[in-house]
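All chains are identified by letter, namely A, B, C, D and E, in their written order; residue positions are counted from 1 within each chain.
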Amino acid sequence: MNDMSTEGYTTADGRKIGGTLMEMKNITLSFGGVKAITDISFDIKEGEIRAIIGPNGAGKSSMLNVISGFYIPQQGEVWYQGAKRPQMRPYEVARQGIARTFQNIALFDGMSVLDNVMTGRLNHMTTGLFAQGLWKGKAEREEVENRERAEKIIDFLEIQAIRKTPVARLPYGLKKRVELARALAAEPSLLLLDEPMAGMNVEEKEDMSRFILDVNDEFGTTIALIEHDMGVVMDLSDRVVVMDYGKKIGDGTPDEVRNNQDVIDAYLGVSHD
Amino acid sequence: MFYREAGDYKTSYQDDGQTFPIKFDRYRYYFVLFVAFAMVPFLINDYWVNAIFLPFLIYSIAAIGLNILVGYCGQVSLGTGGFMAVGAYACYKFMTGLDIWIDGVQYALPPINIFFSVILAGLVTAVVGVLFGLPSLRIKGFYLAVATLAAQFFLVWLFNKWSWAYNYSASGQINAPEREIFGVAITGPSTDAWATYLFCLVIAALCAIVARNLTRGASGRKWMAIRDMDIAAEIIGVNPLKAKLSAFAVSSFYIGIAGALFFAVYLGAVEVGEAFGIQKSFIVLFMVIIGGLGSIFGSFAGAAFLVLLPVLLKLMLADSTDEISGFSSVMSWVFLVAFAAAVVMLVINIVRTRSLIAGAGVGWIFASIAAFMAYALTIGGMGWPTDIVAHLQLVIVGALIIIFLIAEPHGLAQLWRVAKEKLRLWPFPH
Amino acid sequence: MLDAGETNDTVLEVNNIEVIYNHVILVLKGVSLKVPKGGITALLGGNGAGKTTTLKAISNLLHSERGEVTKGSVSYRGEITQHLDPADLVKRGVIQVMEGRHCFEHLTVEENLLTGAYTRTDGKGAVDADLEMVYNYFPRLKERRRSQAGYTSGGEQQMVAIGRALMSRPETILLDEPSMGLAPQLVEQIFGIVKQLNEGEGYTFLLAEQNTNVALRFAHYGYILESGRVVMDGPAKELRENPDVKEFYLGMSDDGRKSFRDVRSYRRRKRWLS
Amino acid sequence: MPDNLIFGIEVFLNGLMAGVLYALVALGFVLIYKASGIFNYAQGVMALFAAATLVGIMNGQVPFSHLINAMFGTEVHHFGWHLPALLGILLTAAFMVLLAWLVQKFVFRHLVGQEPIILFMATIGLAYFLEGISDLMWGSEIKNLDVGLPQGASIWLEDSTRWMGFGNENFYGFFIDKLDMFATVIAAILVLALVIFSQYSKQGRAMRAVADDHQAALSVGINLNFIWVMVWSLAGFVALVAGIMWGTKSGVQFSLSLIALKALPVLMLGGFTSIPGAIVGGLIIGVGEKLFEFAVGPMVGGATENWFAYVLALIFLVFRPQGLFGEKIIERV
Amino acid sequence: DLVFPSLSYRTGPYAAGGIPFADGYADYFTMLNERDGGIGGIMTKVPECETGYNTEKGVECYESTKGEGALVYQPLSTGITYQLIPKVTADGIPLHTMGYGRTSAANGKVFSHVFNYPANYWNGASVAINHLLETNGGDIKGKKVALVYHNSAYGKEPIRTLEELSTKHGYELSLLPVDHPGQEQKSQWLQIRRDKPDYVIMYGWGVMNQVAIQEAANIRFNMENFIGIWWSGAEHDVTPAGDAANGYKSVTFHNVGSDFPVFDDIKTHVVDKGLAAGAGDQIGTVLYNRGMYAAMLAAEAAKKAQEIHGTAQITPAMMRDGMEALEITEEGMTALGMPNFGPSFAVSCENHGGPGLGGITQWNAADKKWNLISDFGPSDMDVILPLITADSEAFAAENNIEQRCN
């Protein structure tokens, strides 16, 4: 295992990973009788790609929901950027620079792709209601500035052609990409991805992988992702947390995890390559 | 073919973000404005203004307001009547000189200019709207819709009981005294048709433009995000409290203005339970849905539809004239053409789908309706007993609402959009 | 295992259908398929190729999405089915597992499964036996049988959706992306179940999949759809060997699977679409 | 006993009874909502329609007679028969089934899978339509409805509870309307039957499934059309019962359709999806509004019942957004 | 033609009252056409326009019919009346709101085009109190009177008058509002049961009447002590309660029943010729009679106008003059086939409300008949006039109206 102190480390391919960005300490979450998460701790370091894997119903999505403030754990602490995070509403969490995508696509169906991406930029827009009503002046300027940034992301994710299409009409895979675009538009420091590649074929997964890597590379965005495709997880991530029935059963580099017997038993079935 | 966008390039995001990105649309829009502002005022009389244009414009404002709340922000409200009442009574107090009691001494403001009275009434309503919007943070969907009825019933009750609001008049009625702008009477008995029309038109136009600005920018996106999926919206950083309450505020502001105009300019005298009852809430909601949720144009279309339809039906069914008027003969031609078109549609549909009602084939229903209209108008009204006509009106309005929803659940605005899309592709089918 | 060649007994035939949404959006541009009795047929293709649309056209679920089949025909055992209700199709033994799970959120897991038996008339005993069978396939569901389906995890919901379809004792199952969101172990397991049902009970399967790899391993015959057209079809074995399929759908280059980290080129053109 | 207490109790009792009458209307809403997610605004009008039809059938009125006479210059009014109440009720129930079938066939079949607000809108269209048709068929004047239900104060109850005043001579026994008592019994039977049906039968389960997801219901072979005809028939029957009760009270006329507005707070408080909720909600609303009017009404000028019912329901909702017994609103991402 | 538009309502919550009234109004004019060839040789026309008791539709109806040369409007709705007051004044068309509308419009000095003879709400309240005085030998000090009223402008009208009268006569007044539509009145009647007022006065309309009478019967309130205003005293208000309604009373300003020669004319000239506006089965009912009475008053005023101006084809302005000069005498009514059908009265420029005479009718459940049990007696003008003056002058001040008739 790597040294998991707050210090950074260097990955196999030579990227430098910074100090701890977020740390989950002893999180426990249950719904009535169902224990979704039991006493889990792990950390996410600045600039790394951190994967969370585990069988269905293990509590992975719930963990992301805890991070984004949607679920409030019964026990445990969330540390972010070196400070303990007080209890806050999800939108406040978002303003701290945490953006995410959802397992069951949560796009705004009534809007076009462009508008969806623009909602990602809402936290960067500050014009008041009154000025917006007048439009000319500040509101228009701000709109155009943010539009430019949104367009950059649209270009980056190669969804220019569907800019004006209502998202409800898009096929599943493109929706996932639009969701990513929306999250990226927020220019987050921590990006949470919940099964970004479910329902995609290999080619599309390749594209998606490339986007994720590029985001990580170019903007230095820290990424936590949940994924069931072991190929993707093993290739992309720097470190992997493995959950099963709400418990953590493994944590380490892909290679370590791949060879961990508990993980093989609970999740992988056969050792994967 | 008819409708081209090729060659209409945009070189800046500004251009792309404008309201009518297609040139053809833009010109049509200017044309409509020109007709509304520069031609209509010279052509209308009392009947047109009082029976059609004023209610149309005023309901349009209310519908835009409600559309912001329901269509953009997804918070279904049935409190429109109550909020209009707030607007009306606030306007009344402002235009007759607001009186306040402080330590048992009465102070009265001088009457405020009618234009500002209307705007202030909107602001007061916005505040009330925000108050009644507070439960929306917890309550959603139809539960919220029913909850807003609390506002409806409470406000109506309040204005019935609170004699300060109606200046202690014996019956609780309020009457709009005569008020002027630039020396032209806008309210009261001796107004001119064009003056009241222009006054409402200006306000409606301003309202529409502001609403469009709000909905195409950041606020609009916040509202729509809340509408489409409130949890996701919150997680990506929309403060639901602010978004919902701002929608309630803006929406109530519009509805308040509509209420003020409804009372002061249109009716001149109202009694709260009669004028702002629960029926008002429903009728404005119909307009919004029939017109199209989340569409400013739709608000106008819906208002036009529900204001015109009963008048048209009455004209067709109840009236009877011995000689055919110019208007009805023109109309009869219009409808005959519509009828012919509908028949062609029907035939095409039968040929294509081999079924009478499949798919878009409600054509034949429209065809028969158009045929009847043409007939009725040509002979200048059927002259049926008014009660039968009144019952039939209910039947027809009800049936039309259903037919429209089946044909296009997203309202007239969407019908319009599909038509445009088809025109754009014409003569190719796809 | 059957090979496509071994049976000519086609149960389900899709003949050159064209589908339009909302009167204007043309999605399928003439798709034809044949599903042999007792076979597993895979429908492959990228996002938005029209797989889901094809399945919905078969099970007549398009109607509620404002889509319609404007040309061509679908027949099941020689009977044209376009004008049937979806419920009639289920009675004839065709059931669809919809993409994106579509559980009845407010019903418990068990109630969800029981609704699957809605059309059955063979008595409570048989239904209960099948319920046990489903629980055997998915033990996780048994644990959660009293929970509201809306609160189960994504994968659990997928299991519910598949289990619910099995409860109707169908002959032909249209499976839309069964592997989506499932852990690898479970994917194997579900395809194992598919295979078992196919071989043991003679169920016919038409499955739309993104996970080409697995799909082609289990299927007998495959169709590849791109932009609303069938661009290639053939026995699964042959498809697996086809270099194009290998490159674009299986993510293999000549020297084995390449790492996702090494993907560099952006959008490559598919040769058959030029 | 002091006046206020004893009359308070009387108001309470009458509130309970009024609540049952509201609940009867609310039940119809619940049924349809539960089975299709449709908020059926037309429920009130259906009650009016059912009651008017019942009167029309019992009195042998010729349907559409006014229209026919106006168009053809004829003079037809009555068939000249008088049917016994029970037969009339049976015929009307059959008629409501027919109506359910028509509604399904011509309206909701074409709206499968639409958003709730669109469906809601369609029911408003339906309400207009039915109101017009009802007037055209049976005329809009007031009709007396008498199916032999008892009415008026229960004198027996008054006499036998007079002692409870303990010497208070202002009090002459508790007042309860016999019609209300009868309604309570009917409502209890209805609720029990419906609960059993929806919770434990296969059709009941299918009905709830349909409410959750139209498409998925279709995909497992549930015949939406059948389910909807079934629930609309049930709702039609409930409307008939409500129509009889209210029609006996106040005559059959337009305002009968407005009782829907009294049922809405009940619905909201009990939960849109809960049959027992309709009853409990009704009782709470009935008692709440009557007691408020009794205690606070005189201070603020009275006529508080309409809004207070809503405000009361609103207060409950703030604590339980799905109503007392409604299905929890699932919020997940 | 002489045009008398009828803004009727044959649908909606108040249809039951609107239908017979509109029938009576139309049938009388049809009868004049058929029997006399119109008024002064000119045919009459009664274009009907359905308002559904809705103010907006009322405005539409007004605007769409006024172009046809309408002589006088009769909207049968207090709400619509309030709306039309400024409009008719500006357009110079008289408005006749008989027994409803804005009470203070009786002051012709302020309201130049509005008439509410022969009686208004305040007269009605006073007539009811007078009846109580009469039955109590002139003393109702200490008696308890409850007012059950429709919670709208209409229902609130009598409150001021009843309050004034209560200070004068020393009775105790309690107020019980009922919200539209009035389907549910348990609270109000339980309160009445508890408070045991000696008398209940009701200002109701629509279904509220039936429910109130039924509830009164339920609590076994003595019907003799229950008096409704004229809008709460029609057959359909009492029949649902059956025998229990026996003895219920109502104020009226015209006679009831069908024992008048004029009805024979209506039968022969209208109903038998198939020209009746309704089914023809409403003749002789209270509201039909009221509609017909309104038509008669309008026709007489038109005759008066023709007389004054010496032309048969009168204009609305002439019609107003006719109304201001209207004089109804017993002989005149007998000549019209309506002996003792209503009070005798005269209208003047200052007084558009007439003398405010009213009588009491009582329901006989066994015969299913209303009976007039008193003469058309005066109301307490000492109390009412100052109220009218005060209210109308406030209106004049608010709207800068110059008083006329000087």
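By definition in this document, a residue touches a chain if its C-beta (ideal position, glycine included) is under 8 Å from a C-beta of that chain, and two chains touch if they have at least 3 such contacts.
Per UniProt, the chains are A = Amino acid/amide ABC transporter ATP-binding protein 1, HAAT family; B = Amino acid/amide ABC transporter membrane protein 2, HAAT family; C = Amino acid/amide ABC transporter ATP-binding protein 2, HAAT family; D = Amino acid/amide ABC transporter membrane protein 1, HAAT family.
Nothing here was measured: the structure is a model prediction, and the numbers come from that model.
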| task | Give the fewest steps needed to get from chain D to chain E, where each step moves from one chain to a chain it touches. | result | 1
| query | Going by the contact rule set out at the top, which chains touch both chain C and chain E? | reply | B, D
| message | Comparing chain centres built from Cα atoms against the global Cα centre, which chain wins on proximity? | response | B
| note | Of A-C and B-C, the pair joined by more C-beta contact pairs is A-C
| task | Determine the centre-to-centre distance between chain B and chain D, using the mean Cα coordinates as centres, and give it in whole Å. | result | 32
| request: Could you tell me the distance, in whole angstrom, between the mean C-alpha positions of chain B and chain E? | output: 36
| said: Roughly how far is chain C from chain D, centre to centre by C-alpha average, rounded to an integer in Å? | reply: 45
| query | Where the CA atoms of chain A average out and where those of chain D average out, how many Å apart are those spots? | reply | 50
| request: Mark out which residues of chain B touch at least two other chains, giving numbers and ranges. | output: 157, 160, 231-232, 235, 385, 387, 390-391, 394
| query | Of all residues in chain E, which are in touch with two or more distinct other chains? | reply | 10-11, 15, 19, 151, 179
| What are the residues of chain C that contact at least two other chains? | 25, 151
| request: So, with touch as defined above, which chain pairs make the list? | output: A-B, A-C, A-D, B-C, B-D, B-E, C-D, D-E
| query | Of all residues in chain A, which touch chain B in the complex? | reply | 68-70, 89-91, 93-95, 99-100, 102, 106-111, 115, 118-120, 122-123, 125, 127, 129, 132-135, 139-140, 142-144, 147-148, 151, 182-183, 186
| query | Inside the complex, what are the residues of chain E that reach chain B? | reply | 8, 10-11, 15, 19, 48-50, 52, 54-57, 59-60, 63-64, 66-67, 78-79, 82-83, 85-87, 89-90, 102-104, 151-154, 156-157, 159-160, 179-180, 277, 387, 391, 394-395, 398-400
| remark: Counting only contacts in the complex, chain D reaches chain A at residues 332-333
| task | Using the touch definition up top, name the residues of chain A that touch chain C in the complex. | result | 13, 31, 34, 54-58, 61, 103-104, 158, 169-174, 195, 198-207, 209-210, 213, 228-232, 235-236, 267-269, 272
| query | Can you name the residues of chain D that touch chain E in the complex? | reply | 3, 7, 10-11, 14-15, 17-18, 66, 73, 77, 135, 140-142, 144, 151-153, 170, 175, 177, 246, 249-251, 253-256, 258-259, 262, 289-290, 293-294, 297, 301-303, 305-306
